[in-house]
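Letters A, B and C mark the chains as written, and numbering starts fresh at 1 in each.
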Amino acid sequence: MTTKSIGRLALLVVVLLGLGACGGRNGSATQSTRSATTMTLYTCVSDSTIQPVITAFEKSDPGSTVDLFRAPTGQLNARVAADTRSGGLRADVIWGCDPLTMQAFVEQRLVGGWIPAGADAIPAQYRTGNYVGAQLLYMVAVHRTTVPAPRSWSDLAGPGYAKVAVPDPTVAASALGALGWFAANPDYGMDFYRKLKSAGAVQVSTPDDVTTGVAQGIYDAGMTTSNSAYAAKKDGSPVDVVWPEPGAVAIYGPVALATHSAHAQVAKDFITFVTGDAGQRVIGASGTYPTRPGVPGPTIPTGAPIVHPDWTRIGTTKAAIELGYKQVFGG
Amino acid sequence: MSAEPALEVTDLVVSYDGTTALDRVTLSVRRGQVLALLGPSGSGKSTLLHAVAGFLVPAAGTVRLGGTTVAGDGRPVPPERRDLAMVFQNYALWPHLTALDTVAYPARRSGAGRAHARTEALEILERLRIAGLAGRKPAELSGGEQQRVGLARALARRPSLYLFDEPTAHLDTHVRGVFLAELVARQRDTGAAAVYATHDAEEALGLADQVALLHEGRLLQTGTPQQVYDQPADLFAARLSGPASVITAPDHDGGELLVRPGWARLGGPLKGELRAVWFRGPHSDYLVAGPLGELLIREPGPPQHEIGARVGWSLLRSWPLP
Amino acid sequence: MPRGTPRLLPRLTALVVAFLAVLVVLPLCRLVLVVWQEGRADIAPMAGSDGLRTAVWHTVALAAAVTLAAVPIGVTMALVLRRSDLPGRPFWQVAVLVPVLVPDFVLGYSWTQAYARAGFTDTLLGLRWAGIQGPLGVWLVLVVNAAPLVYLVVAVGLAARTEPDLERAARVSGAGPATTLLTVTLRLALPGVAAAAVLVFVLTLGTFAIPQVLGAPAGFSTVTTRIYANLSLGGDPTSFIEAITLALLLVIVAAVCVAPADALLAPRLRAVRGADTQGIPALPGRRAVRRAEAFGLAGYLFLTVALPLTALVLSSVTRALGLPPTPGNWTLAHFREVLTPRTFQALGRSLGLAVVAATVLVLLGALVAVIERARSGRAAATLITLTLVLPGSTLAVGLLITYGRWLSGTLTLILLAYLAKLWAFAHRPIAGALDRLPPDEMHASRASGARALTAVRTVALRPLAPALLGAWLVCFLSALHEVTMSSLLYGPGTETFAVVVLNSQELGRIGPTAALSVVLSLLVTVPAVLLFLAVGRLRPRPSRPPEHLPLEVARVG
């Protein structure tokens, strides 16, 4: 009788687990029976951009479908790392948010070795032989409307701002890009961060946290991405956006082909599409900055200065830069 | 003996969420006396003890201990400042303390040092002949042993009034008698008063100087054990205070008579049929049915008649029920 | 069930061991293996780094400090709230639990909105607290977050282990209220207090969102924030290995704390009490004291719950951050953003997933509670507590590495992750309730001809119902809120509600996230209240329904 009871209990558990798996089976079913025209995309690009891009691609290339895994960079990295240790990368294309992470994937031979033929239409600072930049972020200054607008980055370290927020470069690649650029620039260097710190600046986690804090009024100004700053301004928060001298720091999001893609053709088609004119227009229309010159995108004030970090150098000196930074901001 | 009673309860009313648990109860206990509170479960015995101990605040009425008002007049005195001790039905031994520390607890609370309190506690345990259990925790004691420790803890308090809340209810029959004798002896030694709550009439009648019958929160009757047994106030009181038969009065006035088992004898002019016989060891009980009703007759020795036999009986005494 | 038949217990144990192996042991072993194979060389220099030592020190010190403060607060709550004569008691019993309903990332934010520069108190009174963004703020918010948990565990312990007569005996032996509290009540509640302390300590070791939101501005790093940083900026294998190593380090720290505590406490936790035992206090108190207690409680809850959460609700309806929350700036836009057709689809999936997870978890929790009564089963309870400390991302990575080959992107894998992460949450309250089930009731049922499971169903289920329901609700709620693991494990067609919402606007946009919390809280509160009413009706003694129910229904862990 106990055997019967335990059998029933086990049955119940199995049934419940089975119930849980139901939805999952649909997922695996699509995976196993999918045609050669279905590819998997791993990305950290925001949903509002990636969804229209996928829709447009599937329309332009009938019969192809894109299975999407979208997550913040941290989760994306963890997923890739876990994939490689359990049967290999499941993505056919990775579309990252910063070149550093992508370069690491290249070095692990997970992606790269191919870029589309039309890639030279994208400016050279946004591509390598292994990946091509498809979209951009700009690090700009955000400030409350109650304080004067900074003209240059160095103004933030000046007396007009009681509290300035900077994003953590050990957490956000965009912040690391900015740090790399400042560190390499003779007019700024690590001294800039030292001055910021002594003027009372604090480090928060991500650029979004900077925007949130400035909008809330906890900080007077800060360094953040133009997208999040303009979004806050558009919502009605009492903030304004400045592209300071000597320039907003550009961080490009590269797209790359997986080295062992089982669906290489549709994957290549996808990369060609998103770096091509049509795909770039969709990106621009969705509120993200395209990399192709001449394609309309979100606000860039006329004559706004833009600077480009040397990603190769940042990649090789990352540890030293972070160490110098940590001596200033701790953590 | 001082003039003030050890305990004096006047017009005590206790109610929980709208229902009245005690309704204008008045009683008093003199020093050195034992009052038995006799009543079925739910009659308010525990409630009365809790009100006396200070575990609950009465809605009306007063409680006086040795002449001092502890409830009913201004702020109630908290239990720890009332001159009394209690033995609980469930023993209420603290699972984390050894028997020795449990008994030393009251002395510690009245300011004695640990060593002194323990010495005193050990003396009490010795007096109760359970010094060997001093190092044990409640989980390692039998029911009888636990209740002895509970009694020792109450003794350690050296109060003027003991409250016993059905202390033998959970004890085996053979332990029960021994424990009861011990309890009464110790309490009498101290010269203090006691209130003893029980639902067992034999226990109440055997140990008390006074018996108070409780029913549904009301006092039915108070008196000496003999008064309560011989002259119960009503049928309920009669049933509560011992085995009782009720028959129609033979002198055709239609009244009802209470007959205790020893108040009638087999053999005599009255006729009846034997319905049941119980052998009780020292005596036997006979249930006799006749025109006047059914009654229980107790005779010494083993059963003398078969069930169904026609027997004669005679009535020695009776108590007319109101 | 408390004492199964000799044949049943080994079988149940085998079942639990199987689940443990699948959910906890295998994934952990895979992680250890990965570190061993790929990162042996990196461990030594990593362990020697100053940053790591600081982070470990911060983490352990924070966990200890939070435990030290949250335990007295939670114990005080439990003691005050068991007073049936406390004015407004049913309300307070629910109110103290509110912090549990809100995701901690949102809770951390709501505190800055209430007390930081330009927050509520600053705007209205010119009072602000700069320290809110720093170690002190992290500590305080974590304490407020952990106190309800302590309250729940200790309240269960008080109900199970302190008979009123034990306190009455102390009072009548000459002990005043304070002495009785110290020498009897608290001594008896000690196993529960210790269990709560262990739980809070372990949870704080693994906490991430609040240190991240409030600690970063002061450069306050913990092991979990370092794990996050490593994964965020770590396309390279070294930082991935470092992240896993850190997570395993947390597990070791937790194991070192939990295993001895469980071994010491488990036998003492098992006490047998009568069925009618109630955690009510022995004596009535003075009205003035009760009123003062209610007043103190009200003040505490106003400052720690009401004010921050008002800030939260207001930001869910205010157009943009930094605008005054006046009706002119009110909008339902955030709710519209959260509630799109796509999110409704995902919501259906999440609800299903959460229901299945909660149901299986209650079964698993009950199983462990049963088998740990035997010596052989005790290690199981310790093992499942360890997953509590494992950061969600690491646990998900472990599961993905172990089962990704077959289950990548399926709901089954997400379900496995929920089961592993929340098992301890289901187990602790059920174990507490099982303590109160007198074995004789089960024996009587078996002696009346019931089989083991029938006896459980007919006799044990009713008294255990509130605890089971509470465990179910907590698991359901946590599964519904869960985002870290699901956002790493989902695949096409298996996005959960939280994943869809957070994907559509990244973490950090407060308005929609606040709206999400409000929606999820309502989603949980409404059925919880209905269930509470239903259970209230099921209670055998209708004369005193408000005595313990609210507390048991929402009990956490």
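Note that in this section a contact is a pair of C-beta atoms (placed from the backbone, for glycine too) under 8 Å apart; a residue touches a chain by one contact, two chains touch by 3 or more.
This structure is a prediction, so every number in the text was calculated from the model and none was measured.
Taking the mean of C-alpha positions as each chain's centre, the chain lying farthest from the centre of chain A is B.
Among all pairs of chains, A-C has the largest number of C-beta pairs in contact. For the pair chain A and chain B, the distance between C-alpha centroids works out to 83 Å.
Each chain gets a centre from the mean of its Cα atoms; for chain A and chain C, those two points are 33 Å apart.
If you average the CA atoms of chain B and of chain C, the two centres end up 50 Å from each other. Of all residues in chain A, none touches 2 or more other chains.
Note for the complex: chain A touches chain C at residues 1-6, 8-10, 12-13, 16-17, 19-28, 30-31, 46-48, 67-75, 77-83, 85-87, 90, 96, 100-105, 107-108, 144, 163, 165, 168, 170-173, 176, 202-206, 208-209, 211-219, 228, 231-232, 235-239, 326, 329-331. Every residue of chain C that touches chain B in the complex is listed here, in rising order: 163, 165-166, 168-177, 179, 183-184, 187-188, 190, 271, 274, 282-284, 286, 543-544.
The part of chain B that touches chain C in the complex is made up of residues 17, 50, 53-57, 75, 78-80, 82, 84-86, 88, 90, 92-96, 105-106, 109-110, 150, 153, 156-157, 163. Note for the complex: chain C touches chain A at residues 5, 7-8, 11-12, 15, 34, 51, 109, 112-113, 116-119, 133, 212-213, 216-221, 228-229, 231-237, 240, 243, 319-323, 329, 349, 352-353, 356-357, 359-360, 363, 393, 396-397, 400-405, 407-415, 451-453, 484, 487-488, 490-494, 503-511.
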